[in-house]
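Two complexes come next, and they have one chain in common, chain A, joined by chain B in the first and chain C in the second.
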Partner chain A sequence: MTIRPFRLLVLCISLLIPAALCAVVLFLAGYAGQAISFNGLHFLWDETWNLGDLYSDPVTVNGYTLPMGAEYGVLAFIVGTLSSSGLAILIAVPLSVGAAIFLAEAVPVLESRARQKLSWLPPIRPVLAMLVELVAVVPSVVFGLWGIAVLVPFIGHYISPTGNGYGLLATAIVLALMITPIIASTLYDALLQVPKENRESAFALGSTHFEVVSKAMMPMVRSTLAGGIVLALGRALGETMAVLMVSGGGLNMLPTSLFSPISTIASFIVSQLDSAESDPTSMSVKALAEIAFVLFVITLAVNIAAKLLSSGALNVRSRKA
Partner chain B sequence: MKLTKLLRNGAAALAIATAAGFAAPAHAATVSLVETGSSLLYPLFNLWVASYTTAHTDVSITTTSTGSGAGIAQSIQGLVQIGASDAYLSDAIVKAHPDMMSIPLGISSQMINYNLPGITNLRLSGPVLAGIYTGKITNWNDPAIAALNPGVTLPNHVIVPIHRIDGSGDTFIFSQYLAFSDANWASTEHFGTSISWPAVTGGIGANGNPGMVTALKNNPYGIAYIGISFADQVKAANLGEAELLNKAGKFVLPTAKTISAAAQSVASTTPADERISMVFAPGADAYPIVNYEYAIVKADQPDAATAKAIREFLSWCVQGGNVPTYLDKVHFMALPDAVKTLSVAQINKIK
Partner chain C sequence: MSAVAKLESRSAQEVRRVALSVAGWGLCALALLGVIFPLLDIVGVVAGHGIAALSFELFTQTTTGPANGLANAIEGTFVITLFAMLIAVPVGVGAGIHLSEYGKNRLGSAIRFMSDTLTGTPSIVLGYFSYIVFITALGWGFSLLAAAITIAILIIPYLARITELALQQVPNPMREAAYALGATDGVVVFKVVLPAASGAVITGGLLGLAISVGETAPLIYTAGWSDQMWTGRFTQSPLAYLTYVIWTFINQPDEHSHQLAYAAAFLVMLVVLAINVGVRLMVKRTKFS
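And then the complex of A and B:
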């Protein structure tokens, strides 16, 4: 057998990324190990999170040393994460599908005479498409600032019955704005890739423009759309700073309305880490690592589900066909 | 072969760049110190370091703002030489790391602010605040608040209690005020830089002191605790400042007089390791939410030059630098003379 240095090199490089991922997971699981075995499974459905009294002497419970009164339950954060990201997707998908279809199909084209008169105008479609893509690279903290300065007071004054603008709705809207361009630009690119023949055949069969888009083009880009949504969901689930600024930081309670304060896993880890670091037993940091592990599992599950969905493995109709 | 050459060249280039960066020194050796921690102390350290290093070119000091918990953790691990913290080290940490010291550098305090249209003279007490933050007192015209405010027409409106989401020295001293003045809070919530805030309908969390100011501004009928360094922003936002009930039974606002009264009353009882709370201090005029801002430093440093540099810098901070020129900009107060002596004694242990 001959050794092929190039192939070997490429193989090593390609293994680096999964190796790094495994290392992170192993580290998280290992570091959180003590917390995982102390908390048991009810970690997942307890609502109360309490770092305990970090200034009194640590106590020993079931053989584990931890601060007095410490109690770790993450249900509120799991619910906060899933509800805010889910709501954000609900808002973002129609917006971004609309934007992508508009860009690909419905951008007004000037008649040639008007075009000549307005030759100083830049071409509309590429400029709009670029603008949408630009929004995708705006740092999240900018969205957070906009949220706290504009969105939160707006919700407080005009929408919320209690007058409080911080909470689930504000978080979902900020996240939705952040992820809309991700979905829109992926979908826009895919729509441009739809073969001209498909589109024109549909027209030839007498379809309206709406039918062409909905029946001839959208089915072809379904898996790309799913992929875009997963990418977007990944960003929404992991968003930290912007969420911290507008979520209202709900603790020890589940959201009961759109205006309830919430905490997401990512934002909660950031907000608690500093206090956890002054815990002499280090159980607090380990419990935070355990939540990080939960976030990792959620993200993984979302990705796998989306892969299955888009590959059609779960789609009964396409299997029959 | 090639790689080592490359590395060597790189190192040489780096050395030249470093030397160029810190031009002046006649002494060959420059000691670099790193400070990290409390975001409240960060602006003060920046003022101090700028002045100090112009006069002492043989030291370079990097300041970073991370959070009191990070200041404590990183100074214990030896990652930084000076940790900055709004709270002193706990007994458990000192027991585990006996060479860690808490050295006061200045005195800060905290306001209780409210957003009540038309009301500018609200009075509050620890037990009432504890009631508000645990959801037992939910309306502004609750009899418990009315009893403290005779003659004030309180609105019949739900209270919006606002707390810090992030770990914070402000949460530490606020929860201490509640714990020291209300037995019920002491037994259920304790005190600390993060509190497991009881679920209060309508209550919200905000990030950082700037977030607290914005949240209070956005929420009429809200109440919040805000570090005194943000007094100017609070004033600009037109928010009220509550008079608080102190240990002597008097209502006081945080002023130079009431804060130094608290400082003076604790100065004589401050122990040699200076780990003491100034919250709810005795004294007729003492403001109840006042605290020492600490440098968290390891007594045993890896080498003599570093130890000397830390000693000299911190000594300057608590003496030459402990003057209104620097402190006023962040609304801090200078340490009482007795406490300066204690701090210097601790600083001299850095070897």
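And then the complex of A and C:
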């Protein structure tokens, strides 16, 4: 075998990607190591996160040096993350399914009808599809700004009984808006891929156009839709800035209503930077590494699930057919 | 859809079906409005407040002092993006070349999987990783180098996959023709394949640029914040960036800080949307995902 320097060079470059990923995993896990062995499993179901007294002398517990009274539990953040993302999915799925169906099926009909009268009409569907995709590129922090300026006052005024708009509902709505384009464009592309024959045979059976879509086309794209939803869930779980800005930053308590202030894992990591830096024992920085690692594992699992779903590995039914 | 006519000659069941369809279309139309309206509202609110806050001082003054502006943040965002792209473009395009041209094997699939995993990793996790490694362990402190490397790690997987998809579009006979003329691997890639796919690769680079300008979470843990202009040092010197202004200044009590936040949001959104709209208008709906 001859050595081909160019191939070797690009191979080495592309190996930087796995190297970066491995470095992320190893350093997070390694750095969190002490925290993991100190906290044990009750890290996951303790709801109090207390940095302890950072100004008195550190104490030694079970061989670990940490500030007096420090206690690290992430249950509240895990619950905050899952509840806000779950609610966001509940809001986003109907919105994006409806939007994708309308864009894929109704807009072309409306467009061709309108063009008969107004021949100068610019193409509508590409513009609408682009607008939906553009929602996905608006930076998270701009969503957060909009949340603070528009959504939070709105919820505080009209919906929340306490008059405070920051909290679970605002977080879920902002997250939902951020992930709708992911689900909608996945479904939109899948609907365009449905073979013409299936549509036309449903029409030939006397279905209305809506029945063609809902009963003949939607079942065919079900697994793609599921993949898109899980992908969107992965995005929602890791979303940071918008959540940080509208969630109200609730600590050490589980959400009791739609208006409870919450923190998600991601937003908590950002909000803790200052206090973690002032911890002389650096145990809280390690505990934060542990929680970042937990977030990484959760999103990794979700993303793998999305991949399996959209590649059809779990889609046993359609394979048999 | 023409079924709505002649309702009177239909059975009750048919009427119900048609009514359900009409209701269904109505809900779908509402859903589409529900997706697009917030975008328009965001653009409207941010542009409205942002344009009102634009002034000459914004670009000449730093965030210190009474008549302050955003010069340090604009410069910071610019240099972070510049150096992030300087790292990300060679690596991302190089990796894309490997995946497309020589990656049709198990190693290629493994790299592809890892790359997708990295894309799906929350940016705050990457930021925290950089904090542990660059800021704490290597002792760089909040710095340009740490920020640029973090953003580059974020962009590289995107760029690699977009480059791969772009190069895949180049027909094989072009490669074969080049090889038949005696061209070496490097010549085939740089003189034939890459030029043929240059539009899509540039698109990928621009989208990476947009990500870099709009990103916040990983920078909080790597760039820090500074009220001064960039000192010109790569380590041991925190620097400002626009997205930080947005999320901290909006929570300040005074009106002027709010104006700065909106102005920063307007500038960031302008760059991000301009790049994305421009790219979509130029490339007719090529799907990268």
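Here, the second predicted complex is superposed on the first by the 268 of 321 C-alpha atoms of A that agree within 3 Å, B and C clash if a C-alpha of one lies under 4 Å from a C-alpha of the other, contacts with A are read in each partner's own complex, and residues count from 1 in each chain.
To be clear about the criterion, contacts are C-beta pairs under 8 Å (C-beta built on N, C-alpha and C of every residue); 3 or more make two chains touch, one makes a residue touch a chain.
All values derive from a computational prediction rather than experimental measurement.
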item	value
Combined model on chain A: chain C and chain B, fit or clash	clash
Partner chain(s) touched by A:Gly248 [first = chain B, second = chain C, both, neither]	first
Touched partner set for A:Ile148, first chain B, second chain C, both or neither	both
Which of chain B and chain C A:Leu273 touches, first, second, both or neither	both
Touched partner set for A:Arg4, first chain B, second chain C, both or neither	second
Which superposed partner A:Thr162 touches (first chain B, second chain C, both, neither)	first
Contact breadth on chain A, by residue count: chain C or chain B	C
Which of chain B and chain C A:Val79 touches, first, second, both or neither	neither
Touching partner for A:Phe296 - first (chain B), second (chain C), both, neither	second
Partner chain(s) touched by A:Ala236 [first = chain B, second = chain C, both, neither]	neither
Single chain B stretch clashing with chain C - from 63-71, 117-125, 135-143 or 297-305	63-71
Residues of chain A at both interfaces, chain B in one complex, chain C in the other	148-149, 244-245, 270, 273
Chain B residues within the chain A interface of the complex	66-70, 72-73, 87, 90-93, 96, 158, 160, 163, 165-168, 190-194, 196-199, 202-207, 211, 214-215, 218-221
Residues on chain C engaged by chain A in the complex (per definition of touch)	1, 3, 17-18, 20-22, 24-25, 27-32, 34-36, 38-42, 45-46, 49, 90-91, 94-95, 97-99, 101-103, 110-111, 114-118, 120-126, 128-129, 132-133, 136, 153, 156-157, 160, 184-186, 189, 210, 213-217, 220-221, 243, 246-247, 250-251, 261-262, 265, 268-269, 272-273, 276-277, 280, 285, 287
Parts of chain A lying in touch with chain B, wherever the complex brings them together	48-58, 68-69, 71, 148-149, 152-153, 156, 162-167, 244-245, 247-253, 261, 263, 267, 270-278, 280-281
Sites on chain A touched by chain C in the complex	4, 6-7, 9-11, 13-18, 20-21, 23-24, 27-28, 31, 94-99, 101-103, 106, 109, 126, 128-135, 137-146, 148-150, 177, 180-181, 184, 189, 208-211, 214, 234, 237-241, 244-245, 266, 269-270, 273, 285, 288-289, 292, 295-296, 299-300, 302-303, 307
